[in-house]
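Working notes, structure below.
Each chain carries a letter (A, B, C and D) given by its place in the written order, and its residues are counted from 1.
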Amino acid sequence: MGKDRLAAFSDGVIAIIITMMVLELKVPHGADCAALKSLAPSLVAYVLSFVYLAIYWNNHHHMLHTVTRVDGLILWANSHLLFWLSLIPAATAWMGENFLSPLPTAIYGATLLMPAIAYFLLERAIVHQQGRDSVLASAIGRDLKGKISPLLYAAAIVLAFVSPWLSIALYVLVAVMWLIPDRRIERVLREG
Amino acid sequence: MGKDRLAAFSDGVIAIIITMMVLELKVPHGADCAALKSLAPSLVAYVLSFVYLAIYWNNHHHMLHTVTRVDGLILWANSHLLFWLSLIPAATAWMGENFLSPLPTAIYGATLLMPAIAYFLLERAIVHQQGRDSVLASAIGRDLKGKISPLLYAAAIVLAFVSPWLSIALYVLVAVMWLIPDRRIERVLREG
Amino acid sequence: MGKDRLAAFSDGVIAIIITMMVLELKVPHGADCAALKSLAPSLVAYVLSFVYLAIYWNNHHHMLHTVTRVDGLILWANSHLLFWLSLIPAATAWMGENFLSPLPTAIYGATLLMPAIAYFLLERAIVHQQGRDSVLASAIGRDLKGKISPLLYAAAIVLAFVSPWLSIALYVLVAVMWLIPDRRIERVLREG
Amino acid sequence: MGKDRLAAFSDGVIAIIITMMVLELKVPHGADCAALKSLAPSLVAYVLSFVYLAIYWNNHHHMLHTVTRVDGLILWANSHLLFWLSLIPAATAWMGENFLSPLPTAIYGATLLMPAIAYFLLERAIVHQQGRDSVLASAIGRDLKGKISPLLYAAAIVLAFVSPWLSIALYVLVAVMWLIPDRRIERVLREG
């Protein structure tokens, strides 16, 4: 019961974040190709963030499937995740308007790093409530992707001050890495 | 289960896109008829896009009825559709502010063409998962409307550089063509 | 089934409209009383529209309770209602920024009149589907409120060019008239 | 039935308010540290309001669990609460843009005080409907937190004209006080 409402609320917030982001795509003044081209960097940033938020929704979807009871810790770990996700549109807009500037590119990485940490904490909160033998605990296993991603984000943040292109390449790489939904959970659920 | 949450998330995103579009109706400065008249092209563009998004919601609604199990491919085909739909408000605002300019009219057509393709791909993903004998597969049949619409959008995109009025007439034509919800699926569902 | 999704989608759209309206409350520049006072007319307009949208949500809620099956006509009558409701934020902002100007006050009345008509049409579509002996048909009865409201809106639209204060008084009057949820439906539902 | 839709609608509105607030985080012009630093006060205000809205969602979630039937009074008390919550983003933005100015700090306190009162009234409306012996009535008990909070808000509003820092400290204090979800209700629910 509480779990369904938690899932619905989270879905709602992520749906709003994902679509609100498009409001930052400021419609260009003028009706010619130059106006359209000036939108290109914002559009690239938008696509990247859209994919990230879709990945979060996707994996969050799978993770909540394994929850049987919601407690206060899970509620707050979830709100914490939503908070960091809610900063992505602002960072996306800033990076899009100042494409390849070091600081905005680094800050964008920070707004990817923080929800990754928050997602990890939510995972812990669920395992803590469900027990070490739960579906989620065994599905995560060593969780290589979950451990590598924050390192890659951190590297990208530092690299932004050397070459913003490299940072963006790393952001794309991590997104691609996660694009496949978490088969581990699906498999364990089927086997269990 | 997963299907319900997919439907709810998609509904949420479409509901937000459809209502967010109205934020692009910039309230005119001044309180006279001239201020109101300056809003007319934006309002026309808004009505057209509202109808298109309502059609998508409607048909998406019918299509998901036929799904029994959601897999990763369907999830991503659905996110892909939502991505293209999310660009409609920006294109609507650009066309409204530059009414009858060739490029914005053509771009608007492109933001209609892309979700049409994405919808087709989602249809394929569902048929792929449900099998060739599924309700959806037999309901779609030859799918004349689905095949003609992209051609009409493509024609409208080219025509925008000749006569934007013609393009808009084509956009209206396709909308009218789709206004009737997909009786084919309803009929097959009733018979099956 | 379809009915639940229709209700959820409508709720979503109304929830977004109602909260999006607050984005039109432009935060005043400056931090003194004058800045705050300049917000007063927009705030009055916001409260009025909030109440109207809450009334629509409320009555829509009651009306959908009586539906047993959703058909294409109901779907489109519902989208039609949502379209007109979606114009309320823009009209509210325009009236708030040009308080007591005749044209914005009249246009605001028009954006109240149109959803009233759309609501009436939705009611007809439901009765048409459910039959003359349905719960809704007997609950509506003569429907005095539903018939008087459009007349009062129309009067307010005309009066706006004489005295905008009178129009606003009429808008408030109709809102107060509807504030009590539709006991008729509740009563018939309990008796049936 | 009605209760589920009420919960869903309220969740929707709160989800939109919470995420819409981030739109007020105006992306800084320029790509350097100064631009980022200028965002700091708005970010602080945003975090504070995010926590408050999450607390309201959380406690509202628990409170609605105890409702068995929704009547007109509860519906309107709930809309009344949502109205006051909807003003928080505007007040947050104003306080963020005029950090430590007395009037915006006081007004922010007012937009916290009003939903606190509205929440209290909603509690009364539920107890009135459920009876003095209901789960909620016994769970609330003396409700110390609920009685102290409005006093602290009121004190903060007055103190804003002496020292805005003190007011903000009080706002943080009350938030911390509420961060723990309402164990009282959880406990009584478990025992009952």
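By definition in this document, contacts are C-beta pairs under 8 Å (C-beta built on N, C-alpha and C of every residue); 3 or more make two chains touch, one makes a residue touch a chain.
All values reported here derive from a predicted model rather than from experimental measurement.
Q: How would you label the subunit A and subunit D contact, same or different, if same means the shared numbers make up over half of all numbers there?
A: different
Q: Nearest 5 degrees, what's the C-alpha rotation angle taking subunit A to subunit B?
A: Fitting subunit A to subunit B on C-alpha positions yields an angle of 90 degrees.
Q: How many angstrom lie between the centres of subunit A and subunit D, each centre taken as the mean Cα position?
A: Computed value for the inter-centroid distance: 26 Å.
Q: Hey, how far is the Cα centre of subunit A from the one of subunit C, in Å?
A: 37
Q: Can you list every residue of subunit B that touches 2 or more other chains, as numbers and ranges?
A: Subunit B, residues with two or more chain partners: 8, 12, 16, 20, 23.
Q: Write out all the pairs of touching chains, ordered by chain label.
A: A-B, A-D, B-C, C-D
Q: Under the stated contact criterion, what part of subunit C meets subunit D in this complex?
A: The contact residues of subunit C facing subunit D are 7-8, 11-12, 14-16, 18-20, 22-23, 25, 27-28, 30-33, 36, 47, 50, 54, 57-58, 61, 65, 179-181, 183.
Q: Where on subunit B is subunit A touching in the complex?
A: 1-2, 5, 8-9, 12-13, 16-17, 20, 23-24, 72, 75-76, 79, 82-83, 86-87, 89-90, 93-94, 97-98, 101-104, 107
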